[in-house]
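Going by the order they are written in, the chains are A, B, C, D and E; count residues from 1 in each one.
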Amino acid sequence: MTAWLSFVAIGVLASLAGALWRVWRGPAPADRMMAAQLVGTGGVAVLILLAAVQDWAALDVAVALALLAALAAVGFVKAGTPDGAGDPEEEAPPADMQLSAMTPDAAAQVGRTRRDPDRRRGDG
Amino acid sequence: MTAALGLALDAALCALILGVALAVVAGRGVFRAVVFFIVYGLLAAVAWVRLDAVNVALAEAAIGAGLTGVLLLAAHGRLRRAEAAQDLAHGMPWSAALAGGALAAALGWAWFEMPIPVEPGPELAEALPRAGVGNPVTAVLLNFRAWDTLLESIVLLAALIGVWMLAREGDWREPLGRPQHARPGGVMAGFGRVLPPVGLLVGVWLVWAGADHPGGAFQGGTVLAAVGLVAVLAGVIRPPWIGAPLWQGALVLGPAVFLLAGIAGAVLAGGFLTLPEGFAKPAIVTIEVALTVSIAVTLAFLVLGPPEAEGAG
Amino acid sequence: MADLATLLFTALGLVFFAAGTVGLIRFPDTFSRLHALTKADNLGLGFIALGVAFQAESWAQVARIALIWVLALLAAGAVAQLVARAALMRRGGA
Amino acid sequence: MAALSIYALTGAALVGLGFFGLLAARHLLRRVVAFNLIGSGLFLYFGAAATRGAAPDPVPQALIITGIVVALAASALAVALVVAQVRAAGRATLPEEEDAP
Amino acid sequence: MSALLACLVLPLLGALAAVALPRRAVAAVLAGVVALTLVAAVGLAVAVHSGGVVRLALGGWSPPLGIALAADGLGAAFVLLTALVMAGVAAAARDEMTPQGAGPRAAFGFWPLMLLLWGALNAVFLSRDLFNLYVGIELLTLAAVALVAIGGRAEAIAAAMRYLIFALAGSLLYLAGVVLIYGAHGTLDIDLVAARDAAAPDGLALALMTAGLLVKTALFPFHVWLPPAHASAPAPASALLSALVPKASFVILLRLWFEAMPDLGTDRALLLLGVLGAAAILWGSLRALVQARLKLIVAYSTVAQLGYLFLVFPLAGGAAGAQPWTAGAWTGAIFQALSHGLAKAAMFLAAGLFMAAAGSDRLGALRGLARVMPMTAFAFALASVTLISLPPSGGFTAKYLLMTSSFAAGQWIWALVMTLGGLLTAGYLYRPMAALFAREGGEGVQTVARARQAVPLVLAGLAILLGILSAAPFDFLQIGRPEAAEEGP
């Protein structure tokens, strides 16, 4: 079984090479991102396979990788928004983003989250 | 058969790693380099598992692929306007290629010339049972070479103060990082609410398991930092400002507990950083928990960057 | 029996990964690549996870494998949606 | 041992590639990336060296974890400096390296 | 032992307190930490003087498992130098680095960074473990780069960036050597490395570590990062950076070439280090001659003065063993490092006061300042005496020792370089002195409090005192001196 699982791991790695070609080519940043995402998923798959082959502790690595891949993905998406700090689901704001230029609910969001530190200060 | 397949796996993995590294260095475009670097981190984590170093694999997955990636991505998001500027040197920089090649060749040569040392095997085998924890890497980090680890936790603090020194004068009292925003009720905001509880669990588990299984303060702290960052990026929580007392306390808690434990060792057990046998495990766990808090907060703040006012390009 | 299940599911997983990669390389535009991809790689991971779960020595390991898959699914789903949106915005703006 | 040599030589090559990148890159963010590549390659080399004996030596693993964390701290400061540099000077290169296109 | 411990722990605890405590409490804590650490440094020196080398195995684990610390004459002397300079800088910056004076950002950052730098320096001066030294110099680097960045202006940020790139490249080269050492010998302890069975990659390891440390010490031709970095930091930070930081990597170099691997010091390698040092003396001095700003003159002077340190390698190093002149050369180089540290700190602090008074450090703006600030101008002149190596300063003793050794060793070329360097030093320091002591100018400048003017004077005076009392420090520096530099029968 170990041999077979190693073989599958090699196969997944080989398919990752194809995904890497897409990261290289692009052309859109979204292409690079999605391809990188595929590499991430593939890496997690390889780690799961290695857990069975070598050491079950590798599962913890896979968990950490999956979690951090999610963070990197959010970073990806954020980096793609006009001001680098937004959310593609907001209406496209002008390049020089100001509070006044935000959609009402986005402004409300900023206003709401801004109250948080004050509340914390009250607690502490 | 299995051995041959294992070797093939290693070869394939290393080929991918080298290809990715080449793409990082040689490809035009900063965004491409950053994306390839994140991919590199993923593959390196797999390589560490192959090298029977799960503790390192955890650190690499969390720090190399995760936090460093987000750090670079966020910076790239800021710098797009400056990207028109020059990316690589013009033409082929032969002297750089020569230097890099010589260094690689020298290290490659050294690999085959390097004898396998006997030390510190015997000393280690003798001392490990007295170290208080079952995970030998944790024993080295928090007992045998605790002074390294203590200094390292302070290195993080120094870097953070350095990052803060790059704030603009007028922004000093603002919350840390750029103001993040997301559509309320949207996918990203939802993400920022679902992921943190899961991540919290994983982070705490890694610290807890670290005493006897792979894991530890740095790995767990990094995961916790990532959790906080997701929440901040998704606009769910707002980061504090410099000088918020509770947070400043969290920053120094780990190094302070570590230093004070070290001094206590000097007073009670006859040496700085000496953990009395029998008391070593609770001491290590206490230090680890405090360190985890500080590491998580410091790393999250490091990635967020200096405080910045609204609307400042 | 467990070995057979492992064999079957991991093989299926590998097929899906390969298919995802082919799609990623061959499909003509960003959007179709995106759609092909998110389905294929998560199915691939799912099958591999399932296959390996048959080899697990304890329920804790199975639970961790499940957690990994859920995390990957969650991330991939959310990200696909956001990326599609971002790509759309960029295309609309250009 | 053969497998270990693969990793060690990969590590050595990574150090060389990273060093090349550090010297050849102009964009400062690329230099930060190259620096990380060097460190990572060095650690891989070290990790392979640590696995040569009968049982893996935990000391290098601990040192590598320390090194990874230190590298992150340095990277974070470097990235913040790049951002500040762009804000202050409008470009992501060092002033003396802005050779004419 | 408790003094050694206090030297390591107090600055770090102080730094943590400076981050966590509210602003008002910080001032009191700072004063306490600075005073106590100074006392501890003196205590350590006394302990080493009376009882010989002080050793400590951290955590009760002795090498190769644990990390060993040791305070020998060399280490204790640098710890004491650091404490003196730090105390001086703290006193000088007390009124400057406040929210009112320098803004909340600099006022918050300067104090913890200064203390972290202090902790890192002491950790490096006392450590016997190669990897621990790596962590120490990384802490040092990050704190130092952050101190440059406090300057805030575009040129300071570019200088900090350049500094960081060079320093990180240097750290990685050093680390590569450490990896090779551990890979081959399974130990990182300097004494165990000294007792190792030689292995083929040892030479490569030493070369890599040395290259990395040379970059960090800003030896010619790796010096380009230093002048802009030291010139664009705030004056108290510049004083720390120029007086102390390059000495840390120099001390590691001494430990490597004289204690860990003296067997690898081939004549050619030692000669190369000496030639680079000589080139640094000449090139740094020539560059200092043509600068128009005082801080840049002082910074290029650091490049030149660091060059003298490297003459120790051809004069005292090598596997050939002890020669009658090695003790003199070895001690001379350390004297140079100590007296340069004191004098350079005084110079940068004085430059800061001139800038505060005249609003600029262009030589033209400094004309006639000596009449308004006689004390500071006198301190600057006194520091110059040490750098030019006029008797009876510490700089004179240093160069006297180095010169007699070079004649005794038959390597008179170094003496020639030193003579030339002395003349050039006099040349580049003449220009700011001529401006300061000019008869006209100096009207309408802001006055600076006397207490602040006293600090550079004290530091410059200590550099002179080092020369007058040279016999006692000479003996002190022999405590725990490595065999390779031991005097012959």
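By our rule, contacts are C-beta pairs under 8 Å (C-beta built on N, C-alpha and C of every residue); 3 or more make two chains touch, one makes a residue touch a chain.
The structure displayed is predicted, hence computed values, not measured ones.
Novice: I need the common contact partners of subunit B and subunit E, sorted by label.
Specialist: Under the touch definition, subunit B and subunit E have D as mutual neighbours.
Novice: Imagine subunit B is simply missing while all the others stay put: what groups of chains do you get?
Specialist: Connectivity without subunit B: A, C | D, E.
Novice: Go through A-C and D-E and name the pair with more C-beta contacts between its chains.
Specialist: A-C
Novice: Please work out the Cα centroid separation of subunit C and subunit D, and write it as a whole number of Å.
Specialist: One centre to the other, that is 31 Å.
Novice: Centre to centre, by mean C-alpha position, how many angstrom separate subunit B and subunit C?
Specialist: So the centre of subunit B lies 27 Å away from the centre of subunit C.
Novice: I'd like the Å distance between the centres of subunit A and subunit B, where a centre is the mean of that chain's Cα atoms.
Specialist: Once rounded, the distance between the two centres reads 17 Å.
Novice: Between subunit A and subunit D, what's the gap in Å when you average each chain's C-alpha atoms?
Specialist: 22
Novice: Of all residues in subunit E, which are in touch with two or more distinct other chains?
Specialist: Expected reply: 131, 135, 138, 142, 145-146, 149, 157, 176, 183, 186.
Novice: Please output the residue numbers of subunit D that touch at least 2 other chains, ranges allowed.
Specialist: 15, 19, 45, 49-50, 57, 59, 63, 66, 70, 73-74, 77, 81-82, 84
Novice: Mark out which residues of subunit C touch at least two other chains, giving numbers and ranges.
Specialist: Subunit C, residues with two or more chain partners: 67, 71, 74, 78, 82.
Novice: Please list, in label order, each pair of chains that touches.
Specialist: A-B, A-C, B-C, B-D, B-E, D-E
Novice: Subunit B touches which residues of subunit C in the complex?
Specialist: Subunit C reaches subunit B through residues 67, 71, 74, 78, 81-82.
Novice: Under the touch definition given earlier, write down the residues of subunit B that touch subunit A in their complex.
Specialist: Touch residues, subunit B against subunit A: 1-2, 5-6, 8-9, 12-13, 16, 19-20, 23, 27, 31-32, 35-36, 38-39, 42-43, 45-46, 48-50, 52, 54, 57-58, 61-62, 65-67, 69-70, 73-74, 76-78, 80, 175, 178-184, 186-189, 191-192, 195, 198-199, 202, 205-206, 209, 213-215, 219, 223, 226-227, 229-230, 233-241, 244-246, 310-311, 313.
Novice: Within their complex, state which residues of subunit B touch subunit E.
Specialist: Listed in rising order, the residues of subunit B that touch subunit E are 103, 106-107, 109-110, 113-115, 117-121, 123-124, 127, 143-148, 151-152, 154-155, 157-159, 161-162, 164-167, 169, 172-173, 242-243, 245, 248-249, 251-252, 255-256, 259, 262-263, 265-266, 269-275.
Novice: Sort out for me which residues of subunit B touch subunit D in the complex.
Specialist: Contact set of subunit B toward subunit D: 6-7, 10-11, 14, 17-18, 21-22, 24-25, 30, 33-34, 37, 40-41, 44, 47-48, 50-53, 55-56, 59-60, 63-64, 67-68, 71-72, 75-76, 78-79, 82-83, 85-90, 93, 95-97, 99-105, 107-108, 111-112, 114, 116, 120-121, 124, 136-137, 139-141, 144-145, 148-149, 152, 155-156, 158-160, 162-163, 166, 168, 216, 218, 299, 302-303, 305-306.
Novice: Would you pull the subunit C residues touching subunit A in the complex into a rising list?
Specialist: Per the touch definition, subunit C meets subunit A at residues 3, 6-7, 10-11, 13-14, 17-18, 20-22, 24-25, 30, 33-34, 37-38, 41-42, 44-45, 48-49, 52, 55-57, 61, 64-65, 67-68, 71-72, 74-76, 78-80, 82-87, 89-90, 92-93.
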